[in-house]
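Input: structures, listed below.
There are two complexes below, and they share chain A, which is joined by chain B in the first and by chain C in the second.
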Partner chain A sequence: MHEYERGGVHSHDPMGNGAIAMAHTILVVDDTAFMRMMIKNVVQKHGYQVIGEAGDGEEAIAKYKELRPDLVTMDITMPKLDGISAIKAIMEFDPNAKIIVCSAMGQKAMVIEALKSGAKDFLVKPFEADRVIEALQKAVG
Partner chain B sequence: MDLSEYKDVFAAEAREYIQTLNDDLLDLEQHPHDMEVLDRMFRGAHSLKGMAGTMGYEELQQFTHEMENVLNALRQGRPVDVEIINQLFTAFDLLEILLEESLEHGEAKTDTTEVLENLRSWLSQEAPSVQPDFALGELDKEEIRQASQQGEQAWNIRVLLRSNVLMKSARAYTVIQALSRVGTIVQTSPPMADLEEERFDNEFSVLLLSKAAAEDIKDIFDKIPEIDHVTVAELDMEAAKSPTQSQAATTKRRSEHFVRVETDRLDKLLNLVGELVISRTQVLELGAMLDDNTARGAIVQLDRVTTELQYAAMSLRMVPIRQVFDRFPRMVRDLAQAGGKQVQLRITGQETELDRSLVNELGEPLVHLLRNAVDHGLESPEERLAAGKSEVGTISIAARHEGSHVVIEISDDGRGMDVEKIRQKAMEKGLIAPEASLSPRELLDLVFQPGFSTADNITDISGRGVGMDAVRSAIQLLNGSVELATELGKGTTVTIKLPLTLAIIKALMVRARNEIYAIPIQSIQENILVPREKVKTIQGEKVITLRNQVLPLLDLAAQLDAGALEDKNMLSVIVANVGQEMVGLVVDELLGQQEVVIKTLDSNLASSPGIAGATILGNGQVALILDVAGLLQQEKTPYRAKAQ
Partner chain C sequence: MTYESDFKLDVLKELGNIGAGHATTALSTLLGNKKLTLVVPEAMIVGMQESMSLCGGPESLVGAIYIRVSGGLCGHMALLLPYESVQSLLGYLLGAAPQELRDMELSTLQEVGNIVVTSYLNALAEMTNTQLFPSVPAVAVDMAAAVWSSILAGAEVADYITIVQTGFQTDAEIIDGTIAFIPDEEDLAKLLGALGMGEL
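Let's look at the complex of A and B:
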């Protein structure tokens, strides 16, 4: 029911060329507008639809509950509430949530912590477009 | 990026790695199944490769890469044999050359083709089937047996990550996490802790108990990014190793906290502390004139703290003598092989600490002594058997602290030296007069005379002594002494005694004419007053008799061209010695004992014989530090041939 509804609501054409009928929806969480923009550009070029953005962990949780995206990209270091706490809260709310954690190099302990908390996969900054798309595809198909 | 500032750190660390590789290879030769050693060598080569790459030393990087491949093959179960050990020794030697060339010129020019081709051809030889590298204990095996009764299968899953993975540990974790959803993970190789710390190359294995089929397990990896290749195979329990002791001990290495500091900075610190020591002396002198108790208390405190600071600073310069000894096992092995000898090397006291500058200077004389011990000291296995000894000769190097000195002994259980032959030889060479009567000790000491022995006549005489004069002068430059003891047929021991540090020494301050000199306290035996009429002249040299021994006198001022001494009836004589030799130094006045900081002399002055350096006194005046050994060398001792 839920799956069906979601597909129905967001099945529009992000590229404007009619190529993709059922785009996966994405919530981009990062405290810098620059990173959000980057991720947004990359994923939109590959047919994913960014349906929301959040600049801190609290906002991420609220937006997740509101938008129910197919996938979340989650920064770790953020004001108010960090990414790991946000992942825990979202996983508690929705055990099937698909979250990809984004980290800087050298934060492997944090990344493993995030994976333990329920993140499906991780991305290491600086991002390479191919890697981002690979992670997205493997996570949501 | 400018890498020049990292170059020193790189150089130091790279040299350390190569040394460790050499040590480990020696170890491996003895224990070809020691996985811990192999792992460490592999990691060492790998780290070296990474470092060389970062510095842009391509030749070095490529070379280490090939070595890494070889080590990896050994780690995967290729048998360790003499052939590959020898190849690796050659490779490590070349590696050292490549490193130094890279450091000096930014690139390495030495031809590596032959060595690399040998390594590659070894690699391309048929490798035995790769064994799983799990170490299964009894508990693990029991777990696997129980699981198989419940229909679970033990899978050996080898995962190769893509080479550009940015966070290998996290990637490995996602694999482990995904696999643990379909079964139980018994073990990983390398162990989980190593995976988390990124202590693995791009490959790891997981031992999984699961009901899932091989295909289903493979499918899991479709959902995981950055995977290059996966193989899923049934585990062959028989082939899995039992845990070795070394693996049980795990790799808890070098977790201590160290900071690398440029030696220049340490030297600067020590120099400043030296200045402080000088000022302290000055303040102490002033304080002695004060009536104020509070001020004097403060000065005493200053004195105490300065002394402690001085020792603390000096301890920073101390390094374990291991740094010199490290290369000896390899060297002795090579020498023994070349000379057809069988040698067992015993090293003790490697942790004995001494001043870094001493360590740097010590290598060469010690190498000389070891070379002598192997080449000439030890007999051939046949000779040894004939003499009723074990065919394996023993050479021991022992270091220890003795008061404020470091003592290093190098001994062998070889043929020893024939004192009578030394006497004959010395007479032939005109080093002693035919009628001279010398004690055995004095005779042995002749070995240290320049020109006593040369390579062409070495073996027939004593089996010892090539360049012993060079050894002695090198050690004496360090304010040390060398002595020799031997027993015919039993062996020879060379004992080297060195001061702990060269930076600050205790000295007796003396005045000769208008100059003040510092005489290192360790070369002084006693101070005496001698009435002028007791001075006799023998063979044109001034001597006195001290407790029935003839003591040659040296007029310090005249010796150092500082003019004549004051005309006094009582002469102040300092009895100084270097090794067995003694001399009386005549001075005008004794000024007292003091710690002095050695300042090396400008190169123009450095070669002045008899002068070891200079120091600055409390009042700012400069005093020269005497090198008693040098003074003695200038002045002929009586039993040396006058004929020359």
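Let's look at the complex of A and C:
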């Protein structure tokens, strides 16, 4: 059995010293249910706990304030409010928020704007699972 | 056809080639690095009626994902897939070919379209040194004629449209499709200018 398949709260042992740490919590933001499912599958396999999902920028801000996740994966092109605006609002609420952008919009200017707004990393869809985990690990240090 | 319109088509074709190359790589990655062959793009100026015959004819069932492009260059982009290709794609991505298309199937189709079309757009933005913004994609499964009518109504074109048609194909399965890029008429000149070719 994999570690992440244990019952109850997902736990992992990032330090490798036998001390079981609480799993990092993630809010997954994307307007398509398919991409949320893909991201959820990848992160859960690596011991992260998805505590919420949002389908647009407004919902993302509300869910962030409500759930206070350790990490956020954020799409850019979404209805109601785009991801860049949502990043700005979340960073204003919590300057320590750790947000990773996952978007198909890989144009340089967009990447720069997202990073300037406070995103920790920018993954261009379609992404490899390893890249997602690497970015998450880097963001939580 | 005049030299000028020939030249315009040539430029569009080349843009289509590079854009579709990026889109094909994106789709291939999405499909677990499955080998995809790019069908050589064709740029054409077609009338309403002719556009209906693209992607299997007006009465064929297609899945379509459509976005409005804004920013440095305005226009419309669409990915059209014959229904068989929709089923192959969904079967591959969701584990089994669906009997009917429910929310998750449509959501998957929307995301495939979003990634493919936006990859194309990213290449175009890089080449023209502009920023291009895709709208949230709309998704539809309907007869080709109905889908084209919706796209062209959104494109506000009456008589003729410029279309860059490209596609991709795997060795084992048929996942062919059409990417249509329909730049707004006045922006076509801007596009050529951005590529350093001046206005025609």
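Heads up, the rule we're going with is that the second predicted complex is superposed on the first by the 117 of 141 C-alpha atoms of A that agree within 3 Å, B and C clash if a C-alpha of one lies under 4 Å from a C-alpha of the other, contacts with A are read in each partner's own complex, and residues count from 1 in each chain.
The rule we apply is simple: a contact is a pair of C-beta atoms (placed from the backbone, for glycine too) under 8 Å apart; a residue touches a chain by one contact, two chains touch by 3 or more.
What you are looking at is a predicted structure, and each value in this text was computed from that prediction instead of being measured.
Contacts of A:49 after superposition: neither chain B nor chain C is touched. When the shared chain is aligned, no partner comes close enough to touch A:25: not chain B, not chain C.
Contacts of A:131 after superposition on the shared chain: chain B is touched, whereas chain C is not. Applying the stated contact rule after C-alpha superposition, one finds that A:78 touches chain C and leaves chain B untouched. Legend: residue contacts after superposition of the two complexes on their common chain; A:35 is shown touching chain C, with no touch to chain B. Looking at the shared chain after the overlay, A:111 reaches chain B, while chain C stays out of its contact range.
Touched residues of chain A were counted for both chain B and chain C, and C has more of them. Residue overlap on chain A between the chain B contacts of one complex and the chain C contacts of the other covers 105, 108, 124. Residues 166-167, 169-170, 173-174, 177, 196, 198, 222-226 of chain B are the ones that touch chain A when the two sit in their complex.
Within the complex formed with chain B, the chain A residues making contact are 103, 105, 108, 111-112, 115, 121-122, 124, 131, 134-135, 138-139. Across the complex, chain A is touched by residues 26, 29-30, 93, 103-104, 107-108, 110-111, 114-115, 118-119, 121-122, 125-126, 131-136 of chain C.
Put simply, chain A touches chain C in their complex at residues 31-35, 37, 77-79, 104-110, 124-126, 128.
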